[in-house]
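Handing you this structure, nothing more for now.
Labels run A, B, C and D following the written order; every chain starts at residue 1.
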């Protein structure tokens, strides 16, 4: 702190000084772990380190990461959304059917899916913000209702012959530009926007304040209900987009298993990414990395020729390790503070 | 200054809550309404009656594909056994407070089921020993959760999400994803068949044996544990206010740890029930489809267990199970084809959200916390 | 009120509400059914008089084209035969417990025949016994429950036939040699595992130059099947074949090959329904789909149900309709065989509308 | 600066309208009349001290100002125009900023963000971090904190710094009336000096400060005027020059004489509980107290003096880092509350809601909690008959007003709930009973009854240590009174101590007569 900005100067030249570092410890550790795994996989498997392997890996990461961005915001506010799988089913089936029936153009298909997701998110948000019932109970309930709606729209039929419109976000050649998969780029773009929003705008910071202490946030004049509503709506919107990715990654047909069990996969990615389930702390970058880690484990286990079911075991272990490390860090911080308090 | 806004009222609202006054002064109708709105158990009881009567009326009107009669109600109780037992397991962990929840019960069922399959189906252990050992194994799995939550300080949702993945994976891998269905296992089905109750059995429907061999003992023991033992008292105390519990000299961590271990133990017993009910030890028993954990948590919450801990009763959980089981059984008769299973989802979701909202609303309206 | 007293009061309310509504058991009431379990089928059919016999089919899972096509076949049979009422109800998840509920509700409905495609054959056995004890004829279709009391198993094709058909089709495309891998679905699905076993044995025996390098399980998740197929191709760069073992992974592996731009280098076959396979068969990412006429299977299932409900015994050769003039019944294994497995290619795919 | 202060002295300055005038304010919470016709007039650019005993109504007054509570009657004027404060945002809009005792901060956000939360400086869509940072650095500088604190995460800061951040939060923005609620309670002397410098600078720039403190000596360093509250009413407003520490103490205490109390003699000479040289790093040090059976000893100290931490240590919640705890001649080290209880110590926690009550459980549950070993068969099966008997006995003995022992404690009034929590400490007839703030938030009637119970317990031979920041109570119940100041035991008073003496001692004047020359500001 040798060069303190003089109070008269309107703004310091370097932004780094006025904000905490943009990348937190947990994210660096995740980057390191993923890098290590990639190196090990590259050395032990024939083709992990090839475009043909990395590209699909990134594409497969995208939907979980995308839904995870919304879930991160929800968890930062101290909530949770276990209805993500149900939302995915509804968004995917509506979009797929519309694609088949009307041959929608890409932007329209995306818009439709996102709108449907936003609507479902709005239902969650209204019930949670105004019903004053814990989010987990509401979303357990809406999960079942969404599944019902999805199944009703499926009407016991697989949607066949989906046009290749959404292949723009698929695994194939249509899904890449210069070898870079569109789905992942769009996910990164949205993650960057979310990161920027959460870090640099008042509205974004208010999510953290609400998760830290909703009562104090209300006293500070923050529109707590509005923010909570926004968090669930945003989750719905992103789940809508993620559903398009899921359609693109599947085949030309869509069956009702779409979205099944995805809520836990999304929560796992968020938690591995370092977001605190107690609220008030978390980052979307961590979530994207968490999703990438989980997908790396799943693909890695397959490519190593290990029993594919073992990947879940590793996911479990990663959750314990990631959160355990966080707990230890927190404990160390408290101990340090106590020592500091004693010294003062 | 001259216009003082309000004259000081001689007797302001008493801080002592209104309930006491309301209970005395109100008419029977108002009191009944109040009870239905604020007490989850009353609400559930009324709902069960409404549901059963509605189906019977539909049946009488010929809208059902088969009679909704006591025999059917009784036969459908077989579903209540694992559901209610796991909901009781969730009751214990949710009661313990600090966001207590157990997502791993289904995975424990799968893994202990395989262990039971090995012990009883392949190694030829005596039944009682295999059952005890399976329950013990389940308790061990639960103890891992309890250790992570109570002693290390993991949020329960995260610890049990992790063990859910781990146990699920191990259950599949442990026998190369094959179920175990040797003759001894197949014969276990007799444990869950319907039996005639002695003496009065001729007049009432046969009841699935699992009700007597597993569910009722578990209900009774959990009820006694919670309502009559020192452990139960400590669990409520810890769940209500763990700081006060510490100041009262109670072992907070051990109590919370115990809740998870017990939940694991019950899951181990459910594993035996499931193996018997399906006559095979399946590695995906508790995790296929939406798994067993989410319905169990849903039932517990519907039964009035407060997610914040310290509030919840065995009777509520049992009634919630009955409500859902009988509601679902009727839906299958009311909707033909695929619609039936789909409407079950809708019913579960709507009942859960409505009950939670109603209780929240009523709690504020009448100034009590349920 | 004390908690205990309140609880007792509640239980009393429940009891009071339910008892008058539902008096008491009818289990001893032998007038409608159950009087003579051994001859139950005949009894109920005759008790039904002129009414149509109810034949219920419980699939593993609702909403997937395979079983919905069976449903269509069954409906068609009911229309054409005119003697049965076809009931179809499946769980929303391929889950043994949810399936058991539905079977139980059909027992309650006192249908005349229940035919099940069990998710878990061992789990279904006791329930089938319960149904039979209630005087209902029981059978399996699509997937057998060999240790049960089922009277007939309506088999689409033998495990041998399916496994060999898959292997032959794939190896033909691969040029009788090379390595291939299998993307299966549910880890515990009995029939899939049986077919995989046949494929392993048959490949080892008939195609010594070919090898199965891996079997992975993607559940019912198409996107996951596609990703796993992609991973397999990367793990084994010399891989030239992929099998999609079920209706969700068959298009999945083809999609993966297409996405990787390896059409013509990696060949796929699978058990896919025609319409979902059509784009892949057309563009060559899938060489063939091994299946059978699923609607006919549904038809045969309904027909079998009718026979059982009427108490008829099956002959060694049965004429079901014009399309199924000669269906074999093996009385030793009580197996009714639809016929040989069918190879669906781009040439005949348009004959199927499901 | 001096001129500002003197010119704004009452009577000396121009006849400008008061910055704040509260007149005829009343507020009741249920049956408790927290404020009765209170008046408070604060002039621009002055430090106005608000003093009074615990429960005198100070905190309700500032809550009304901050918009947390709305008064039942009365008028508020700011700068001569009527003001309606319906919520916290109204207060902020009027330029009224409050620094509470407990910092209301978001641990995971940075200091800068905390200071601007809810009123961010925006540049387009985003927060203008640089502008905020610049302002924060200025304010931190004023508080003597380095600029790097601005970007620190609040949870990483020691509690004293967090308190300063709260002050910074109130300072940023255009506060015209700044309320400081016992800001010095958790600050060190050096930090207090910094605080006073800041306050003087603010006053010089025209801000009015309402300063609440128990440390009467401070008033003479910082305040211009003092308003004294007693029993919810304002006794009067006095220029600081007219006052002495002793005079303030007298005004606070009022004309009430210490009631007659029974003279007790300890039943034994060996102390049942003896703390010698007890210390815990960062909390307190060199604490020496001895309590003999049959004796009530008061441990009196202001909030932040370390009294509550001493109690926690005796009960095994925290571990002492130096010194010894001796029980009836045997040296012990309580490991946890359960252990302390087995050693024969019972403790009534200070914070009833957080540490004492199981709110939606019954009275019987609350009483038997922690005593299930003795109220059960084989330590496992709750002996409900015994539990009921014990609960009913204690309900009767402590005169708890309730229809039955099955009533939920959460629905009871503060006094009754406190009796129930106290009853829990009496189930096993402890040798040593530590009572932390036994009558906090309790109405007068219940307070009397609790005092009576304490006397009875002592008469039965229990050694009672009352840890309190309520002076009249300490004097009323204690045979001896030990004053804690600055984290250690200082003076001891006998039964004939007067309230004024003790108050002065606790406030920092060891010699109660030496109050005629209070330190004036420079």
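By our rule, contacts are C-beta pairs under 8 Å (C-beta built on N, C-alpha and C of every residue); 3 or more make two chains touch, one makes a residue touch a chain.
Just so it is clear, the structure is predicted and the values come from calculations on it, not from any experiment.
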- Tally the contacting C-beta pairs at the B-C interface and at the B-D interface, and name the larger one. B-C
- How big is the gap, in whole Å, between where the Cα atoms of chain A centre and where those of chain B centre? 31
- Where chain A and chain D are represented by their mean Cα positions, the distance between them in whole Å: 45
- For chain A, jot down the residues that touch at least 2 other chains. 147, 151, 156, 309
- Of all residues in chain D, the ones touching two or more other chains: none
- Would you pick out the residues of chain B that each touch at least 2 other chains? 172, 177, 290, 337-338, 342, 345
- Note on the structure: Pairs of chains in contact here are A-B, A-C, A-D, B-C, B-D
- Message: Taking the touch rule as given, give the residues of chain A at its contact with chain B in the complex, in rising order.
- Response: 80, 82, 127, 131-134, 136-138, 140-148, 151-152, 156, 261, 264, 267-268, 271, 277-278, 307, 309-313, 315-317, 319-320, 323-324, 327, 331
- Message: Touching residues of chain D toward chain A in the complex: what are they?
- Response: 68, 88-89, 92, 104-110, 112-113, 117-120, 122, 125-134, 137-138, 141, 146-148, 150-151, 153, 155-160, 188, 281-282
- Message: For a test of understanding, state which residues of chain C touch chain B in their complex under the given definition.
- Response: 3-4, 6-7, 10-11, 13-14, 16-18, 21-28, 62-63, 87-98, 100-102, 104-105, 107-110, 120, 122-123, 125-126, 130, 147, 186-188, 193, 217
- Query: Which chain C residues qualify as touching chain A in the complex?
  - Reply: 62-65, 68, 71, 92-93, 187, 213-214, 216-223, 226-228, 230-237, 248, 251-252, 254-256, 258-261, 273, 275-276, 278-280
- Within the complex, chain B is touched by chain D residues 23-24, 26, 28-32, 72-75, 315, 317, 336-338, 340-341, 347, 349, 354-361, 365, 368-370, 372-373, 376, 379-382, 384, 403, 410-413, 424
